[in-house]
Amino acid sequence: MRKEHLMEIPLKLIAERIGGRFRGNGEKIIRGIAPFESAASDQITFADAPKHLKRLHKSSAGAIIVPTDAPEFAGNLVLVSNPKVGFAKVLELFHPAVTPFEGISSRAVVGRQFSCGRDATIAPLAFIGEDVTVGDRFICHPGVAIGDGVIIGDDVQIYPNVTIRENCRIGSRVILHPGVVIGSDGFGFAPDGGSYHKIPQVGTVQIDDDVEIGANTAVDRATLGKTWIQRGVKIDNLVHVGQNVTVGEDTVLVAGVLIGGSTTIGKHVIIAGAAAIADHIAIGDGAIIGPMSGVGKPIAAGDVVSGAPHMPHRIWLRVHQVFPELPAIKKKVRQLEKQLQQLLGEDS
Amino acid sequence: MRKEHLMEIPLKLIAERIGGRFRGNGEKIIRGIAPFESAASDQITFADAPKHLKRLHKSSAGAIIVPTDAPEFAGNLVLVSNPKVGFAKVLELFHPAVTPFEGISSRAVVGRQFSCGRDATIAPLAFIGEDVTVGDRFICHPGVAIGDGVIIGDDVQIYPNVTIRENCRIGSRVILHPGVVIGSDGFGFAPDGGSYHKIPQVGTVQIDDDVEIGANTAVDRATLGKTWIQRGVKIDNLVHVGQNVTVGEDTVLVAGVLIGGSTTIGKHVIIAGAAAIADHIAIGDGAIIGPMSGVGKPIAAGDVVSGAPHMPHRIWLRVHQVFPELPAIKKKVRQLEKQLQQLLGEDS
Amino acid sequence: MRKEHLMEIPLKLIAERIGGRFRGNGEKIIRGIAPFESAASDQITFADAPKHLKRLHKSSAGAIIVPTDAPEFAGNLVLVSNPKVGFAKVLELFHPAVTPFEGISSRAVVGRQFSCGRDATIAPLAFIGEDVTVGDRFICHPGVAIGDGVIIGDDVQIYPNVTIRENCRIGSRVILHPGVVIGSDGFGFAPDGGSYHKIPQVGTVQIDDDVEIGANTAVDRATLGKTWIQRGVKIDNLVHVGQNVTVGEDTVLVAGVLIGGSTTIGKHVIIAGAAAIADHIAIGDGAIIGPMSGVGKPIAAGDVVSGAPHMPHRIWLRVHQVFPELPAIKKKVRQLEKQLQQLLGEDS
């Protein structure tokens, strides 16, 4: 959680804190952050897109975070290698995270054999089962339910109404947003006559370090073995990850993505919003899957695909532009056919 | 919450309460409401579709709510300007809302500096942070978690397991259904080498009066500034609203809609189920977006679009009918080509 | 909830417990279950796909569950009529479900007139309203909120943070995964000038025996009457079921499916992931609807459809293969037109 404070930070201190160099007036007092278009004379903003870099003189900002190769400009600048990361760090500076609770509330419910790191805070109305281990600076919000045998690393924040079922493992610096479900049963049934026999889902979920998972997303536990979200993965809201899925390091799943069971997704993959991936397929490292894509077959490393069913993105760009012309094409084909038949008739 | 009661209300009183005129027997006792096809002789129903208005004599209902220009009919009628609204009002009459809890439960957790309106009810196991303000007749169900600094208007109902994160604002007469998340972090990261650096999401969410939000829907807080759901917006279940989005007055988002970050949606827009809207675009007032549409470009006010990617709806209606004929069209083109080549061959 | 135990079970006992016949060494000690490819010499696996049955000799498993007509093989086998069900039963054997809580916690909140079956367990921080009835062996996890007047059968398990609103009915052997919402208001509004007037949703939800509902799925209550999920239905994560919908026996709804209000779905239907079904339509018994399909019209019993908008699946299989060729087809048609015009020009 973050709180609003009135802060005044001189520009040279900002530059120092975000690992950049300032140019201009280092004593300039900055009181906040704002977008390029609306920043006031006591606020700092950032520019990395060409459209902004060309118009630095148009900004009313008190200072601008720019890349080290930014064009000459007489105003106050902070030069950094990555202005967007610099912007993120300035946001952290002006909005320091505060711990919303203190210690372990007597109105939380904590099971036996709880192994707790230093400076952990557990809110009232949180539930922690038996044999649970959590690391340092753990923050557990109200309404969270953590099952027996769960192991959680350091600096983890779990927002309200999250459920983590038994025996799942969560790494360090993981953030689970409200309503997330980790370790729900995979959707596995054996057809048995006209009905279905439930296949017990006895595996777990392992979430590695630096993963962030968005509101109301669900990650199913494995049938056997584990569903595995690897280091650095970022998952948006309302995503479904089926049982026995592996999501590789630094992969991004945007809102509404659905991943079928036993599918393996490589590292540095980007799956855009509302795309659906079938079960039991493999997506190679570095692949990019466009919004609303439907992927039913494997994708090779580095491939960029779109469409449902998916095709190479560069083809999709031309394909979808033909869609609105289809009635005209159909009509034209009928016309050509008629003309040709006439011609052939005349010929014969 | 509503409870079942045995109620007996004479027709003339119903007419009075819903602002209509009765025709027929005003002393007729009505005991409930039912659909046109199944209403019994002591129940009231409504008819506004032509298919029903033509068959008023076929209904067994004790009375029918009809528009003021309904065809002549000898049975009991209530004439109103808007029969569907009349129907809603009769439902309210027969199913008065009851407050499910009384006062502020000692088993709720309420933080310091709580400013509470009159007749508020806070259920056991609800959590309210510090510096929270709520208006009159606030109803807070179990499992709700409200963060520090939240401000809520009058006559708001928050169903179980809803999360409202810190510093968000909720207007009056707002209904949040179970599992809703308000104010989760926007999905914002700065690429930093092969990994991602989290951009703190320090903005808020503002929800204006008369908004209703469906089960398990998530509305992300802004990076800076606010995500804004304006007066009268109705949002269905499992919808995603990204950071810094504005949704204009009286707009409707049907189940499964996904709205990317920083997109602006006008007033009186209808976005049908499972449609996905990209980030950073504008949808004009009064636009209608069909089900499962994919919208990646701005939509002008009043436009009606469908398809993924979207096109004018009237074109889509003809386009999608060509889809099943595509294999035949492809074959025909190949045939024409062969015939023409033959012809050209003969000619040469 | 299931716990890991070290178990050693002789093969003949396994055969007996899953209703099969063993072949080979009945005294062989089995210590666990694993997939065909990775099973070790003290583990059991199963084979029912031809690709596995042809390679029984390649498995290192201590024993293999196979169909009664499996090919000859010298290793240890358990012959059953349905190997996948056999596999499910062995999983149950090695991972017996354990009750995570004991009795009714004093830190749960239970309303007046609670009628409770034998051996019910209600976790701390669960909320149960007034006039609620639950059957034998009820398991209620933390963060669950059950409204007034709810009636629940025997052997039901309700995972954390589930909400069941007032007056809904749940059958026996039902499993509700974390974050499920049952009985939220249907999305019903009467247009009233430029705004919307809420139509009170005074019906309920009825869920019959042997239903399983996945994480963060929402089932809306009916406007009048009931939304009805019939016996044996299996629903995956993040599914939306609108008001007044009926889902027939043994039907399967895969993750991300959206069902519009008042739609009726037959028995033994399969709706694949991310498909969306419009409101007020009927889907016949035994229909199969492909992934990401968009269904806006009724589907007859036994029909197999795909695509958005849907078409017969066998046609869709050929249609979607033409999509990537559309730019080439368009170009070819233009070419043919030109050639034909030349030809006609020469002729004239």
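Here the chain labels run A, B and C in written order, and each chain numbers its own residues starting at 1.
As a working rule, a contact is a pair of C-beta atoms (placed from the backbone, for glycine too) under 8 Å apart; a residue touches a chain by one contact, two chains touch by 3 or more.
Every value quoted in this text rests on a predicted model; they were computed, and no experiment measured them.
Comparing the residue numbers each copy contributes, chain A and chain C share less than half of them at their mutual interface. Superposing the C-alpha atoms of chain B onto chain C requires a rotation of 120 degrees, rounded to the nearest 5. Centre-to-centre separation between chain A and chain C, using Cα means, comes to 26 Å. Of all residues in chain B, those that touch two or more other chains are 125, 143, 161, 179, 216, 238, 256, 274, 308, 323, 326, 329, 333, 336, 340, 343.
Chain contact summary for the complex, chain B toward chain C: residues 1-4, 33-35, 82, 84-85, 87-88, 91-92, 94-95, 97, 100, 107, 123-125, 141-143, 159-161, 175, 177-179, 210, 212, 214-216, 232, 234, 236-238, 250, 252, 254-256, 268, 273-274, 291-292, 308, 320, 323-324, 326-327, 329-330, 333, 336-337, 340, 343-344, 347. Of all residues in chain B, only 109, 125, 127, 129, 143-145, 147-149, 161-163, 165-167, 179, 181, 184-185, 187, 189-192, 194-200, 202, 216, 218, 220, 224-225, 238, 240, 242, 256, 258, 260, 274, 276, 278, 294, 296, 307-309, 311, 315, 318-319, 321-323, 325-326, 329, 332-333, 336, 339-340, 343, 346 touch chain A in the complex they form.
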